[in-house]
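Here chain A shows up in two complexes: once beside chain B, once beside chain C.
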Partner chain A sequence: MAHEKINSCVIVKDLYYAVEDNTWLKVNEDGTVTLGMTDIAQSMAGPILHARTKSAGTARKKGRPIATVESGKWVGPVKSPVTGEIVEVNEGLAGDAQLINRSPYKDGWVVKMKPENLDAELQEMVTGNDAVNAYKEKIERDGIQACQHIEGSDAYD
Partner chain B sequence: MEDLEGKKILVIQTHGVETPTRTYSPLFYAMAAAAMEMEVMVWFTMNGTNQLKKGEAEKVQLVKDSNVNLKTMLEMAMDSDVELRVCQQSLELWAMKPEDLIDGVEILGATSIIDLALSYDHVMYF
Partner chain C sequence: MAVRLIDAGIVPFVRSQSLYHGLSYAQTCDTPDTIVLATPQSRYMCIGFFQDAAHELNLDFCQENQIPVIRRETGGGAVFIDEGQLFVQWIFQKSILPARSDHRFQLFIKPLVETYKFFGIDAYYHPVNDVHVDGKKITGTGAGTIDDAEVVTGNFLFDFDYNTMVDALKLPDEQFRNRVKKYLACYMTTISEELESPPDREEIKQIYKLKFEEITGLKTEYGELTQHEISVMENLDRKFTTDDWNYQSGIKGTSSSDRLIKIHTGVWIGQTELLTETGNIRAMMSMKDNHVQEVSLSGDFNTTCNFDSKAFEQALFNTEITPATLRKKIDSYFDRKEKEITGIKTDDWVEVLMKIKRMQYKAAGNGSLDEQSDQ
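Coming up: the complex of A and B.
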């Protein structure tokens, strides 16, 4: 995957990002989208203890949680960047939530959704160099520390 | 798993700044419930009230050199849409006036807590 690192934080360039919510979206060939947390999000959370996903079949409006994630120092929602229905959840997270820490953009995906209004919602996200620039700005503005990667991470070194 | 969206949880916090290890967890649970789309209120009474006095929560830090203290926990809870309420009568215990409270906290009387306890799905008491 083409990617760039900012302050040790990986941004994969062919994904779409909801920058403020620190989530990513991949458009799949079958019309579904895969959603997950960014490298920055996993680093800020620290080693994740539990990830509780919403069930397949759940309808979600944009901005509503698709999962609740907790670490030793943080607990919060993973917000959907799109409106639609959850069609598949990453079952691997139930037994090993640190998949999100080790592989935020691949094995640690959170859910797949069938979006209702994708074209319009993609317009509100950023991708490619625009995403890299948006995260450069966010990291500087929010004073985000260098990303930490736990043992076994696929942080594209 | 059961979908808990829309359930209501009332968290009652009776511990304050003199017992730091008893201050974080109720807020953490409240934030977890909020992240699970529940409606959450934390009710501060007895010693719990003193952490809401301006300038006090900043002094409570569980992990040395962490950038998180009790004030940031309270702010994170409010950012997560957790409602913070304080018992009116308990303010007098600590010689606090309404203007001494940190921003975002509302004052309610004792009868309100009874109404709330009966109307919520679950009460967690600390």
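Coming up: the complex of A and C.
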């Protein structure tokens, strides 16, 4: 995966990002999208204790929660960057929520959705170098610490 | 825009939860940052969003003693709440609070600490999110995002009914229950315990307002809830009193024999079992700052040999809880006593204690314990 590191935080360049909500989106060949938390989001949350996704079949509007996660320091929603229907959830998170910490862009994906209005909503997200620049700005503005990666995290050299 | 300060006074128990949830759901970008001060009219048990009431609580005790249960939409463990607590709830816009959670807790805690100090209580910030007095916790805090609102909650603790809290928890046996009661009494404190003449709640509220303004540089103005906010809270009042919401299935843990209770950030009590070649051994261990405080061991070994388990338990006092230090202490104890425990190997003792440590480490939000570095 082409990626860049900012302050030890990994930004995978071929994903789309909703920067303020710290979520990523991948467009799949079958027309669905895969959604997850960014490396920055997992690091800010700290090791995640529990994650509960909305069920498959649930319709979600953009900005509404697709999951709730709890760490030792915080509990909050993972917000959908698109409107659509959840078609698949990552069942592995129920037993091992720290998949999100170890592999935010791969095994720790949260849900897959069938989007209703993808082209327009992608316009509101950033990708590639634009994403890298947007996160550089956010990290500086919010005083975000260097990303922490727990044991067993995906390696990005 | 000034911070809106809502002094809700004494509110029905369910409203003490629906206040901050409702303000969060009703928040728009024009809503002022809001602080709520409120005291519940009556006692209840409050469980975290991910918890399972039947797994965490002694529901028979709660029912017999008319202690209702509410599931909140924020995290953390089961807590007992009653009129001895003055809630402080911040419901803020995202932009005003520090992005870093440790900075956020520090900002929230400073006015609490300064208020305690004003009244002569030598309180201080205890990372990550507690207020302590001489090693005892007097305030705990929590944080979360509800809808688009950033929420931080805490309290001023006037009195605390330790016994009822512990009796309302589902615990494995009376020995464990008594241990939790003892540790709560040792490691928690209240305003009434710290001061011979506790201040009036109205005084606390006034000083808190001043300290908040001094520390944050933000002005506060007393305000009221809007009709829309009240309407959202009324809906939540209904939701928070339904069995479907409060008793929905939650996280049950890995084993019915495992139990872990947090007293405060550094102090925990855990219990677990381990199947060895001889049979089951069960350990209950109190931990303070990663050192053994008390261990109670039981199981099949008692019937298979002449073993002075009390002396062994005492020998483990203050041992650092790592595989290497436990192994060294246990080996040295058995060398000295020249005793042999049939079937129970050093590795079994180490493993049963490390099982509790791993439970604590995970529950504290530290990820998985890397024991390789301890070997």
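Operating definition for what follows: the second predicted complex is superposed on the first by the 155 of 157 C-alpha atoms of A that agree within 3 Å, B and C clash if a C-alpha of one lies under 4 Å from a C-alpha of the other, contacts with A are read in each partner's own complex, and residues count from 1 in each chain.
Everything that follows uses one rule, which is that a residue touches a chain if its C-beta (ideal position, glycine included) is under 8 Å from a C-beta of that chain, and two chains touch if they have at least 3 such contacts.
Everything numeric in this text was worked out from a predicted model, so none of it was measured.
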Chain A as common anchor, with chain B and chain C clashing or fitting: clash
Comparing the two partners chain B and chain C, which touches a greater set of residues in chain A: C
Touching partner for A:V75 - first (chain B), second (chain C), both, neither: both
Contacts of A:G46 with chain B and chain C, given as first, second, both or neither: second
Partner chain in contact with A:K54 - chain B first, chain C second, else both or neither: first
Touching partner for A:G128 - first (chain B), second (chain C), both, neither: neither
Contacts of A:Q98 with chain B and chain C, given as first, second, both or neither: second
When the two complexes are fitted on chain A, the stretch of chain C hitting chain B, from 110-118, 254-262 or 362-370: 110-118
On chain A, positions contacted by chain B and by chain C: 52, 68, 70, 73, 75-77
Partner chain B, residues of chain A touching it in the complex: 52, 54-55, 58, 64-65, 68-70, 73, 75-77
Interfacial residue positions of chain B with respect to chain A in the complex: 1, 3, 28, 31-32, 35-37, 66, 68, 80
List of chain A residues in touch with chain C within their complex: 44, 46-47, 49-50, 52, 68, 70-77, 98, 101, 142-145, 150-152
Chain C residues within the chain A interface of the complex: 48-50, 73-76, 98-103, 105, 128-129, 142-147, 251, 362-368, 370
